[in-house]
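You will see subunit A twice below: alongside subunit B first, and alongside subunit C after that.
After this line comes the complex of A and B, so read on.
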């Protein structure tokens, strides 16, 4: 059971970053960015390129990957979403599906369809109190905690964080207070892209890199964000941890390949009963 | 009277929607440190006048001056930076942020030359609004309507505006809270800020004001000292039930 909890928390930690990225853009722009999965894939493959082909150490390559996807997310917003800003969330959702397809196929075009892996040394797992902890799990733990701390500090203690929360809270009053929405939206996309890219690197470390890796994680990402509260970014992190644990514990009762059903069942139930999530603020009107 | 003593001046404003005027040549002058209240029946153009002053609607004709500077062509954000504060009627605080964060946001993104540092301005505002000092760490969304209105005004005043525009400040408040609120509005005016109000409660609004303006069908029906307007038999008959 202890090992299941460790594994579940690892899965939850991996999901926490893209779930946070999704909730971040949703809270400010009120649209669910379906392309979040392709940002995960793009981040992983740019990092792989910097790590394997350029020979950079993984941490530096991850920085290249995060910066590239951050810039790409800002550019995609400028080119694709900006003109649709006043349209409904559904229009933007469809636009993001198009972006998702385009990015995934771009990755296939340059990297092919074969699975790949980062150039990292293989390490023995550590043992703590009878629990097996892989080197990758430790890296995931430290990276996610560091990223979440940075986002939390930005949210709580900076002008940018206050501006993000102000726009999420009351966009018309934010405009009256002189907050320039365009700049804040660019910052949101930058952060969202970087977080998704880091998640891609962690998924690549945990398993392998494939062009559809982001697609495979799309349902758990949405479930985690909805579970926590898609309009409340830090609550989405809690949702990710709960989902990771639920998926892992479900393997006690279900064959492992049914884990996805757990995510789907949780999401369907929440959307019917408590669409603002377990820990989020009530923002949905029927 | 010098131009500088005239904080907010509108001259012959014609404004409306899709080229159809709602206001037909509205003019007024709000002097420094005074309260000017606009009253009128529903559909008289009060909200359109407020939107035009704030820059949310571009006038078809006429000019608006703030502290002697023509602000007619400025964007809403540029008007805020020029010294025009605004408190909307509804949704006038960030409900999920603390009162202190609301006050910070009143100053965070304002670019006015000579703006005071946050800590200094906060102390001045807390002296003007001692009621909100114990609430600084409280989420604005859990405050009562009156307290929320006070936080909204305090937040708008953080930027040290010359003119504070209030859109129906007494809306949704109990009579007692509305009276308390107008006491605070008088305090703000005494601190040197000019107040430009749109108000549904004619008696309460004019009672607390120096100047009044009665707007009917987009035209100025009556303007002058608020006490004189309150005493006007037609105003009493139409808006105060003949009392």
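After this line comes the complex of A and C, so read on.
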């Protein structure tokens, strides 16, 4: 049972980053970015390229990956989403699906379909109080905590963070008060892309890299974000941890390949009963 | 019918009919009803499997098809109930989640669905009536007849008071609700009818290939349906019909490009094609948001335009 909790928290930690990325762009733009899964994939493969082909150490390669996906996310917003912002929300959803399709296959074009792994030394698992803790799980824990702290600090203590919260709360009031929407939106996409890319690296570390990886995580990412309350970024982190635990505990009585069905069942129940999430404020659009 | 060109033409036309049906279903759900179905391929897959498995279980092909349509319709209604009270963003993720779950279920529950082995030997309706030489032509005629019926029905639906209600709900659900109509009931019916058409499209897929396995059903089907609706113009059934023909001809025709570029292998080519579809989707939404077709104008809208 203790081992299950450790594994569940690891899954949840990995999910926390893209769920936060999704909730971040949603809270500021009220737009659910379906391309988030392909950002995860892109980040993982750019990192793989820097790590295996350029021979950089993984932490530096992850930096390259996060920076390139952050730039790509800003560019995609500038080229595609920005022009659709004034249209109905549905148009943006469909456009993000198109972006997702293009990015995922761009990765497939260069990397092919076979699974890959990062170039890292294999280490023996650590043992604490009878629980196995892999080296990778420690790396995941430290990375996620560090990334969350940075995002929290930006959100809480910087002008940028205050501007983001202002736009999330009331866009027209924020505009009246002279907050430059364009810059804030670019910053949001940059953060969102970097977080998604980091998640891709961690997933690759935990399992393996394949072009399908981001797509497979799309449903859990959305479930985690909705579980926390999709309009409140930090609550999405809590949602991710709850979902990770629930998925892991479900393997006690369901075969492990049905984790996705567990995520779907949780999301369905939640949408019928508490659509504003476990931790979110009672906020709902119809 | 030994002529390979004729055989190729018939095969292409069968694919056109199937994609058109998927496009028309999405046009009803998204184009007219404003309900985004990102899990389109899941409902299509459900239709194909219900039909295929019932035929294997000894049911007549037509009865199996009717059951598949009914089952897909009911499941669509149930799935849409999960999030129908919320904004459309939620329906998009719910349908996507449903589709992935259906695919998992079918891939792993071997006892029911034969899993990754697939279901083979699905007999077509009226198979053997004219002898095996004419099998493909007969099936094409049958598919065209089905398409004709669906097209006529949804054209009637679009022109009916219920069609107006659907479009009004898409444009402003609050106004419809304030006029005493149940937005929930309108959306539910719209999504269910779309689901029934997807069940039909899936059944035709199962008949046409006579063998189905989980790898045939991917989000690419969803992407093609969205392409058809975006090119054809949301709400325009004729536009979607023409767009589907053009789309399939382009996609099928692009196969021949492989011969001209020796460096391209099938895998690279498939990726390039999907990149093009993804980019085209975004570019069309930006440059030509209402597509090339036109939604049938309502009487009031027409008189406003003239005045």
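Please note the rule applied: the second predicted complex is superposed on the first by the 284 of 286 C-alpha atoms of A that agree within 3 Å, B and C clash if a C-alpha of one lies under 4 Å from a C-alpha of the other, contacts with A are read in each partner's own complex, and residues count from 1 in each chain.
Note that a residue touches a chain if its C-beta (ideal position, glycine included) is under 8 Å from a C-beta of that chain, and two chains touch if they have at least 3 such contacts.
These numbers were taken from a predicted model, which means no experiment stands behind them.
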Per-residue contact with subunit A, leading partner among subunit C and subunit B: C
First, second, both or neither for A:258, with subunit B first and subunit C second: second
Contacts of A:165 with subunit B and subunit C, given as first, second, both or neither: first
Subunit B versus subunit C as contact partner of A:126, first or second or both or neither: neither
Touching partner for A:179 - first (subunit B), second (subunit C), both, neither: first
Subunit B versus subunit C as contact partner of A:275, first or second or both or neither: second
Residues on subunit A lying within both footprints (that of subunit B and that of subunit C): none
Residue numbers on subunit B that touch subunit A, as the complex places them: 76-77, 80-81, 86, 88, 91-97, 101, 104-106, 108-111, 155, 159
List of subunit C residues in touch with subunit A within their complex: 30, 34, 36, 38, 82-83, 85-90, 92-94, 96-98, 100-101, 104-105, 108, 173, 219, 222-223, 226, 230, 267-268, 270-272, 274-275, 277-282, 285-286, 289
Complex contacts: residues of subunit A adjacent to subunit B: 159, 162-163, 165-166, 168-170, 172-180, 281
Residues of subunit A defined as touching subunit C within the complex: 32, 34, 80, 83-84, 87, 89-91, 93-95, 97-106, 108-109, 112-113, 215, 218-219, 222-223, 226, 255, 257-258, 260-261, 263-264, 267-268, 271-272, 275, 284-286
